[in-house]
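Some structures to go through are shown next.
Here come two complexes built around chain A, the first alongside chain B, the second alongside chain C.
Moving on, here comes the complex of A and B:
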């Protein structure tokens, strides 16, 4: 079969498997969504309560509620439950958040752009800076700058990004007061395309972005350095110098381009982890993105919301990997059939 | 130009350079050294050399003899931190002032290189930026030298078509889309784009098949005459340059050992080293018994031997050789050798070239006198396919299949040697791996002693001979011994593994005793020392021996040797083949020997009384004894390979290439009829339409209509002069 068709089918299979596993978890996990819902119901936190309601009515009400919150009726035959659930998810109905009393998609979807915004900019900043730092160290291979720089990078990489996040928050947020310590935007200017509002957004996003960029910077810069050193030793570089090609052209078209290529896959994988990586970060900065909601959902046992987040995360990862495999052949002319070369 | 500069030149060097008239490059006392922790490593030591205008100078030496350093020194292109001293002077042909190459600053060097002298390196693939199209390589070079783009691009087109390439398609390709031979030719065109006067070529063909090597040499010969080039051709392969070069310089241990006119060097070499080198080169014309091995190994550049550097290995060395180093002495007017006793060398070291070797023709091996019993291994109509490459752009196409092996039948007997010969991409490695049960064929059977290998695998226990037993009986040694040994394990550890597998109840002491005996047997002594080494502490030849022992300890019936000697130095090859033959006799092992080199195949097959099989595009086109294949080849392709195999006899005039297209057709879409018809010099209309089946002619089998004197072929019209057909196929590997 054609490799690309095969690869797309594989991704679809992954997504289907995740859906099924989610269904199994919801249905049977002890203390899982169903039990939780039942408990809430019995305690009278949800659904009709009071003494005037008879049992039949209560059961019927519970079934309706289950339908709303977790997308299936627990009393229906299993396969009906399964198809109901899958069908609902595929049509964009992810259930209803218990905590927010809103459909999950209405809670989650407005949060997506905020997380994507921080994640994408952080990946971009991190990518550019590690290419520059890595290449600079490679050119100075063996010098004091290189040894010191590499040591610093490894040292920096060993500090978890959430520690960096807390340090940033403490220093620049609380001590100096340069950056806001929580939130996504300034409430004062009217929301919309005006500078004060956008400036507020950037102001709020700056620290989370730096912290997130830090997460991949150290290892990435070391990988770039190693790639560039390898390219610097290639015969074609020497041949190009002998042909009289200017060093500027060699740096850009020979060294940089060939050293960056193996990092392409790595970058797409990062994109895939954009949501799962945001959980702790958004907690620290109280930044209401997907990660923040997910953390809240876990704390509040808000299973429908949690499941929605899980699905979102897996689907993004599966799609990012698929894109990496499908497009590597176009980015690097040498590679066909998704034999992507990776470096970490 | 002006009188003052000429005086300058004269005052600098006592020799009157101008009076030598035709010199284009003059090298005096060129030395390249690297500072190392153990001391100064002199990888080129005081070389004096003059290159004449419009000549072809061949520089020959083994690996590690400093020949590449000499090439780089000519352009002051020695890599950091190497230091070049001495002087290299270039005399421009238009009478400008001579240029002191080593004195040029960076900017001057930038213009000097490529405009006056350019260089072609060995690995063409690694000389191109893999993510840039060929056209950009040309464009940036033209741009960097401020040359006229239109004129240069026009020249690029001329050069490329001169080299039998379709210029448009080559220029719009990425490097990896071209075959090795195409890349190398493109690289030659790229180095000539600014019309340099001198072209230095550092092993330009070493990575290529013989047929391609020889084709490129013929093309170079033509280019050299057409563009008035001076060629400096550096190689380890003396026979390769024998016909091309006007003069040959032989290097040993970072110094020149001998220099002289090519024919004189070949027929009447004066330095004992040159004579040994000539004697150890596998050669189709020389009787195999006269080939010999050079004892010892090349010296270390940090601590070379005192006196004459060859004296520790030289058969005629005396005390004086160890004490003082010999100067160049005239053998004849243009022939110098650095040896005190060069007059005695010709008697002390003989080699078969240049002498009368009529005896060979009659001497040949007995024709199919062998009585073959039941074959050990038998291939029956075997076909192996691979899935071709795809891009996302052909998303909805079914993948294409390449038939690497197409309908091949072959028997391997007890104590047999089968040499598979062919160009790269002809499927010889795939066939080899199918023979030893590594590749599963799409159709056809591979049987081992009557048991179908793949049936044994599928049916597990029920088979008469189990699959693991078969696996153990069929072993392989690879081309690159370095990567087939675990770098983190000692030799003894690598060797104990197979022994544990083949004889699990052997005691540890006994195991070690056997391993030591084997090491000793292959000449690695003291064995205790070698057994405890790591692979990186072994030389290439020693690693290959360890790989060979490892295969033998499984007690195999058949060993597949895939280009097992190609990575070794010329002087080591004969030694390694001798070892293979010796072991074959001792352990009753059969060898399937894969090589692109007909002379190696011939050496092994002739001594073991085996057969040579010639492969082309997945098919065996001719198979027979050495006598038949070498001395009486029937198939035009075998004849072409025979032509491509360098021979040393200068009396064998190198005739024009017998093939019509240099490049192999695309294996995904092989030509109709006879697959060779697109390149065959004898092709006729019928060859395009009908696929020839094997025709037996007294013992050998040939897949060519010409072997049958009554075939319709002889009435069919020739298609040799149809140009369009030719162009199309020569480029089809580009797809």
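Moving on, here comes the complex of A and C:
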């Protein structure tokens, strides 16, 4: 079978598996969505209450309500529940948030650009800095700078990025007061394309971006160093030098290009990581993105919202990995179709 | 028998008459499997420091918790700074700090909290690391050796597990299961990391299974299990061990993250719980809260650093290509090894 077709089918299969897992969790998780909804209903927090309502009516109301919040009616046969759920999710209906009393997609979708914005810039910062640092260490291999730098990188990699986030917030947010400690933008300037508003957004996003960039920096720089060292010892480099090609050209076209290539897949996999990493990151900075809503959903036992976030994050990662695999052949001409099935 | 009356006689006769007695064999075994590896480990800077750091945490987790009494609320004023000689007490006749790292906002001894978080963390790491290594190894080896339908099923399962983001899945699972014992927490955290190891091992076994000695064993009529045990596993054991250590680091980070988020029940002291309390109870508001925040962070990063350099050093020892290069530099000694 064609590699591309096979890979797309595999991704579809993964997404289906995730959907099924989500359904199982919603349906059977002890103290989970269904139990919680039932409890809320019995307490009269949701649905019709009062003395005038008889049991039959209440049961009917509960079934309608389950349909709205978790997309299936728990009293129907199991396969009907399953198909109702999968069908609803595939048509973009993720249920209804208990806390916000809004459809999950209306709560979640406006938050996506904020998370993507932070993540995209963070990946860019991290990519550039680790290429530079890794290459510099590789050129100085064996020197004091290399040994010290590698030690620092390993040490930095042993500190989780959210801990770095807390330290940044503590130092530059609370103590020095250089950056705001929460929120996404300044409330004063009118929202729109004007400099004060955009500056406010950048100001709020700066610390989260640096913290997120940290997440992939340490290991990435070490990998870049190893790549570059390996390439520096290749025969074609010596041949290029002997042919009299300038060292600047060699650095850019031979070393940099070949050392950066393996990092491309890594970078796309990080696109998926943005969303899962954002849960702790956005909680620390109280930055209202997808991760913040997931954290809030956990705090408030808002299961439909929580499951919506889980699905959104999972599907994003599946797509990012698919794109990484499908495009790697375009970026790296050495990889022929069908041979690149294990690029991650 | 006279042996029972005189133990010395027993020792003498066994030593003289049969050279390969039990004690002799033990000595050879200890020399081969414990002393020599220790010597090799000591030679390399990274394994030396790495193992010392790991040993330090192990000692703190076993002996340290008995020496330092657990922290209690209001045992001192809030926000005592580290190494403050105002607060001292006598330990075995020596006057030492009562709060070596100061106290937190609740007047609890930060040093004692950090120490008492260690045993649970070690249990978690061990449980999660063993789970990851075991499941990953079994799935990877069986899939690589058996091929066919078994391979396809196992590798599809691993691919799905890789595609599902770890942290959100763990949050959902932790919410559902509310694990209380550190060992159970470790096992749950291990769920997300076995697949990567299984995939890597799978490709290694694919390469190994067509080696001539494996082919020979198969022709001699050995079953799948003896071949996997005797021919395959010894070759990939180093790789499994290094992955075990990496998984342990992953478990530290994940558990600290989940405790910090407050998703796991706060049944034991944990560095993540300390960070959570520091974050939520005002440590960020003044510089006085710095020790409260830094102590657990330092504990996390030092342990992670120790394990990382240890596993890198082990990689050097196990990796035949690296070892060969190592050996030549040792012999020629014209090119100094940067890591020595």
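Things worth noting here:
In this section, the second predicted complex is superposed on the first by the 337 of 344 C-alpha atoms of A that agree within 3 Å, B and C clash if a C-alpha of one lies under 4 Å from a C-alpha of the other, contacts with A are read in each partner's own complex, and residues count from 1 in each chain.
Note that a residue touches a chain if its C-beta (ideal position, glycine included) is under 8 Å from a C-beta of that chain, and two chains touch if they have at least 3 such contacts.
This is a predicted model, so every value here is computed, not measured.
In the superposed model, A:284 lies in contact with chain C only, and not with chain B. Of the two partner chains, chain B is the only one that A:257 touches; chain C does not reach it.
More residues of chain A lie in contact with C than with the other chain of the pair chain B and chain C. In the superposition on chain A, A:302 contacts neither chain B nor chain C. When the two structures are aligned on the shared chain, A:142 is found in touch with chain C, with no touch to chain B. Of the two partner chains, chain B is the only one that A:3 touches; chain C does not reach it. Those residues of chain B that touch chain A in the complex are listed here as 75, 77, 79, 110-111, 113-114, 118-119, 121, 123, 126-132, 140-141, 144-145, 174, 176, 190, 389-392, 394-399.
Within the complex, the chain C residues that touch chain A are 156, 159-160, 162-169, 171-172, 175-176, 199, 203, 249, 253, 256-257, 260-263, 275, 279, 283-287, 289-290, 293, 297, 300-305, 308-309, 312, 338.
Partner chain B is touched in their complex by these residues of chain A: 1-5, 234-236, 238-240, 242-246, 249, 253-254, 257-258, 261, 326-327, 329-330, 332-334, 336-337. Taken together, the chain A residues at the contact with chain C in this complex read 10-11, 13-14, 17-18, 21, 25, 29-32, 141-142, 146-147, 154-155, 157-160, 162-163, 166-167, 169-170, 173-175, 272-273, 275-277, 279-280, 283-284, 294-295, 298-299, 306-307, 309-310, 313-314, 317-318, 321, 342, 344.
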